[in-house]
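Note that chain A is present in both complexes that follow, paired respectively with chain B and with chain C.
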Partner chain A sequence: MNPLQRLRARRREREEPLIDVETIPRRRLTIVLAIAVGLASLPMLITYILLILTSFSNTAGMLTISDLAHYVPTIQPWIDFLEGKVEPTAGHLYTTMEILGIILNTLIVAAGVSIVVVLTSTMAGYAFSRIRFRGRKALMQLVMILHAFPGVALIIAVYALYVWSLAALPPSAWNTYAFIYVILSRASLEIPMSIWLMKGFFDKIPWEVEWAAIVDGASRIRVWREIVLPLVKPGIAALSIFAFLAGWEDFIYVWVFLKPRDIYTLATFIEEQVRNLETAYFPVVAAAGTLYLIPTIIFFITTQHLLLETYAGGMKA
Partner chain B sequence: MVEVRLENVTKKFGRVVALRDINLRFRDGKFTVVLGPSGSGKSTLLYLIAGIYKPTRGRIYFDDKDVTNLPPNKRNVGLVFQNYALYPHMTVYENIAFPLKLRKTPQRKIDEKVHEVAKLLHIEELLDRYPHQLSGGQQQRVALARALVKEPAVLLLDEPLSNLDALLRVKIRAELKKLQEQLGITAIYVTHDQAEAMALADEIIVIHRGVIQQKAPPKKIYEEPANLFVAGFIGNPPTNLLKARLVDGAIELGGSRITIPARLPRDGYIVVGFRPEHASVDAEPLENHASIPGEVYVVEDMGKEKILTIIIGGEMVKVIAPPTAEFKPGDKVYVNIPYRRIMLFDPETGARIEA
Partner chain C sequence: MGAERLRSFLTSRRGHLAFFLAPALTLITIFYLVPLILSIYISLTPLKYWQLNRYLTDLSHPLENYYRLFYLVTHHPDIGKVVITTIVFTGLTLVVNVVGGLLLALATYLMEERFSLFYRTLWLLPRMTPIAVYSLLWYYFFHGSRFGILNSILLSLGVIHKPVWWGVDEKLLPWGAWMILVYVNGLVGVSFGMIIFYSALRSIPREQVMAARVDGATTTQLIRYVLIPSIKWHIVFVTVWELLSLLTTYAHIFLLVEWGLIDKWWGTTWALFVFNTAFTAQALDQGLAAAAATVLVAIGLVLGLITLKIMGFKELMIEPRGEL
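Let's turn to the complex of A and B:
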């Protein structure tokens, strides 16, 4: 091969890089998929963007794409929202304290659900993963079926139980009890799936790692705390976030148990405001809606990296 | 350093009997290898000594101390697992320091000891790394360091080399033997690899289906296997075992009659065994040898030797020949076995018949 031929050959190679046969269609597929997903999510994306823009505008209704031409940003709706001026023509319907109270209520329900779910499902998941007890398989299947039941279907029974148990308590404790009840019943909808998720994380830790620690001189509690828990940390983090969001987003349980007691969360508050479409002032409701979205956005950014973070080395299965 | 003793130990998992009435002594300061195929109960034996399993019956002693009901953390054993079982979220340093930390050893002493054992195993430069940043061989050394740092009474190793590639295995094998000699520690090593067992052991315990088959030094296991199982398990290629008929006190094999200077029953059946490396293949029968006619089937040239597969009366045997041997498939030959190298077994019980 003379130098000229070599040069030509090299150029040919550069123009048509050698690609493994099976990567060609896969790459094309990726592009097609990316376009399809992009197109499919475009309407939703536009809706969210309009929602956020509306919360910074002073239009009478919901902002539309045609309004964007003469869009003037303002933070007035946010101020109105935090001051409780949800219907500007009607003056202050809420005090700032009440608005903050609604946000706090939402946080209490979300955090409560998160704590209950994490505590129960890490323990139950560990038991399912490690202990071979009688009826283990049947119980695991039952847990899976429980997950399949929609929460709405259970609400009549849950409500009956609530009313029945309420009679046993003094009326002064009813508000607190309603909170606890919502947290427990909402958490129990999340727990089945969470148990399975945690079981999966525990299953990935070989028995030998625990044995090694016991032989090294650690007690079972210490092994659990210093070896097992750190290894399932990504799982616990993901779980607590999912459970938090479930509590944060819950509408039906909050609506059934808290709203009759005049306790609002962001979900029921927003629903209340848009119920009367004639009087609703959209920029303020949009501000509440945007606030409602924030945890979801934050948590999705954080979970992605958490779920990918796994320890793989040092324990071949 | 202690002597480990098992007395009448039986271990059942539900209805499955993993170990049946085991009586064993692991000598102080010696390297004992427990050898058996998978499912033989060898790992169960190790975990019983570690205290992870409790015997269904029987007692376990460390010297004169009864440890049967002692939990693992009170036994002071070092345990190395096949999958290393390092703590993935801790650095190499923290992994090795963990047993000492649990003993509330002062920090300065921990530091000193970790560096000492890291130096011994040549992993000093890896102390800051995490297990997933290490190669298999390095992870193995860290696991060994973690087991040794607490100066255990017994070092227990559960197939520690099986996850390594073949070259590394042979290299670390030699290092392990040297290390055990240096420290004079009582070591109990479980493996399914007979070559590993031969190379490492002061004493080999062959176990099969939860029952001890033979306990002897490697040389004796090789030369005087107690039964058919041990004969067939030790050696590569394994011992040739041929079932033969007895006719008037002579062995009828491959159409020829062999008379062996040994007292045998007048009739019935017997199993004849010989190692591939002890027989020779020649064009003619030899004096003082049992000579069996056969036909060459396959020739495998291994470089340092040739492995010949020969058909004798419908059965195949393997014989090691020197690299210079010139044979080709189809050659009519004689397999010549020195009389003193022939092993005889009872086909019913499997036990070896002493000549």
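Let's turn to the complex of A and C:
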């Protein structure tokens, strides 16, 4: 056996239990279960599909299933959305620049949250995994309890701190400050779980690798940056995606901190449009919603194994 | 000289530790620990309209907000509805989440892998979908016009003859609003149970399953005597964890209430009541909201501690390997 074959054989061995747990033929069981779960998934599937189809339709309101018989796809709602024509009668309520600004705002919050979370938790996760210090267990326990802490109780005081600190700044800096504050406070919500996740990834790296470097006199910080970080790249990738999506999908924090300053993200834009649905145009809302869904779907399709594993690992931790 | 001292500090052991932990601990302190204490403090002051300078130092009637809260719960019909809604919503959704998650996990465990992966991914979708889009989807589904997906299907099947406002129709309240709440939140919640249970089932030694099959166990017997007993602690963990998150969830519900899909009071849970009392223009009564939040914190703390116990925290904290 050459090394490649051996590797393949070993991989087969490892994968085998995943494919075959059962010893009896289970085609019939599979069919019954697949149909049952399929029926339970049906409302969900229909709704996702109809929303996406509505965003490509010329209906005046919501698309129904019976409309599908004479469905003509069009990209008009997307053009209307990007041109800021969110009401059929009132002309353009937003400029294209404003709509692009809304998308950009959403991206800024998502990217900001992702950067803050990755940076802080790769550092803290390493310390919890590798450095022995007094209070390590107690601190880790605290972090865990914090994760279970009701967010709604936090946000009142977090907003009070924001109001208080705003007074110390010149009004010209308020918008920038609101962005920074939203990013930091939203990222903080993700930090406890992310520390756990990263600690798990660091735990799996053999200690010997960095031990050699430390014996040679390299500092802990250099070893972390140059030797350990490259080894946990998959973990960092997974965490960046998770944190990005958390910032991308956030509604409450952008509603509380940015909306009063007239800074909209896709979440508050959709909220506003549906609230005025009497006058707004549903296919345009559907287009905004579909656009908002795109990063989720992309990550979802490309990284489904990673997602399932990380969720299972992260939640168990 | 300052730079010199900083460098020597950063190369010391305590310096390393400070370097790695400082960013995370700073954020946790500013956005968790200080707010936690501040929130309890605010509940002792008459803070409203975010007038910090005016009200935040007033501690003359520290328990006033708690008296008001108690009075509202016992005397105000709408707040009474909030309490009942919270209990019913939490209880029902908890059952849906745990039982639904268990059924999904068992189904995906027992079926062939390609179907299994598809369904596990599909059921993760609600959890991944941005809150605003997710709420929009169910707004569309339960909408009261004849274009609402549910209405249009039932109308064409002849089950109903005119469109129904499921969440606000007087005749259907409170169950109409509750059903929507349970369904919408249940769909997000089942995926958590599904993932935990599925990976727990996967880690059962396959010899056990094979032995049961060789002995002639039917699928029902396999589930009842082998699979369920092996994951009973996972079931307890998921139950407590879900209970905790259901008590504190409010973002989806906020949108569904604001968009008029469900009744304002029969659709409001305690967490949403806290949020609305603090942040919506009609109330802006942060003292009262903080008092209501403190009640939530107390419940959360107890449940959080139980979760820690169940998870066997010590086993997770393996000692760091090697130390110079």
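Note that in this section the second predicted complex is superposed on the first by the 254 of 317 C-alpha atoms of A that agree within 3 Å, B and C clash if a C-alpha of one lies under 4 Å from a C-alpha of the other, contacts with A are read in each partner's own complex, and residues count from 1 in each chain.
FYI, a contact is a pair of C-beta atoms (placed from the backbone, for glycine too) under 8 Å apart; a residue touches a chain by one contact, two chains touch by 3 or more.
Not measured: the values here are computed from a predicted model.
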Check: Between chain B (first) and chain C (second), which does A:P230 come into contact with in this model arrangement: first, second, both, or neither?
Finding: first
Checklist line | Partner chain(s) touched by A:R130 [first = chain B, second = chain C, both, neither] | finding: second
Next item on the list: Check whether A:S185 is in contact with chain B, with chain C, with both or with neither, and answer first, second, both or neither.
Entry: second
Checklist line | Residue contacts on chain A - larger count, chain B or chain C | finding: C
Note to self: Which partner chains sit in contact with A:A36 here, chain B, chain C, both or neither? Use first/second/both/neither.
What the structure shows: second
Note to self: Quick one: is A:W211 in contact with chain B, with chain C, with both, or with neither? Answer first, second, both or neither.
What the structure shows: both
Next item on the list: Name the contact category of A:A160: first (chain B only), second (chain C only), both, or neither.
Entry: second
Item checked: Which superposed partner A:G61 touches (first chain B, second chain C, both, neither) -> second
Next item on the list: Return first, second, both or neither, reflecting whether A:S219 touches chain B, chain C, both chains, or no partner chain.
Entry: both
Note to self: Going by the contact rule set out at the top, does A:H70 touch chain B (first), chain C (second), both, or neither?
What the structure shows: neither
Check: What part of chain A is shared between its chain B contacts and its chain C contacts?
Finding: 211, 214-215, 219, 311-312, 315-317
Notebook entry, point to check: Across the complex, what residues on chain A touch chain B?
Noted result: 206, 208-209, 211-219, 222, 227, 230-231, 311-317
Notebook entry, point to check: Where on chain A is chain C touching in the complex?
Noted result: 17-19, 21-24, 26-27, 29-30, 33-34, 36-37, 41, 43-48, 50-51, 54, 61-66, 116, 119-121, 123-124, 126-127, 129-133, 136-137, 140-141, 143-146, 148-161, 163-164, 184-185, 187-189, 191-192, 195, 203, 207, 211, 214-215, 219-221, 224, 245, 248-252, 256, 266-268, 270-271, 274-275, 277, 285-286, 289, 292-293, 296, 299-300, 304, 307-308, 311-312, 315-317
Item checked: For the chain B and chain A complex, residues of the former touching the latter -> 47, 50-52, 71-73, 75, 77-79, 81-89, 98-99, 102-103, 130-134, 139, 146, 150, 163
Next item on the list: Going by the contact rule at the top, pick out the chain C residues touching chain A in the complex.
Entry: 10-11, 16-17, 19-21, 23-25, 27-28, 30-32, 34-36, 38-39, 42, 47, 50, 52, 56, 104, 107-113, 115, 117, 119-126, 128-133, 136-141, 143, 145-149, 152-153, 156, 187, 192, 195-196, 198-199, 202, 206, 209-210, 213-214, 219, 241, 244, 247-248, 250-251, 254-255, 258-259, 271-272, 274-275, 278-279, 286, 289-290, 293-294, 296-297, 300-301, 303-305, 307-308, 313, 316-324
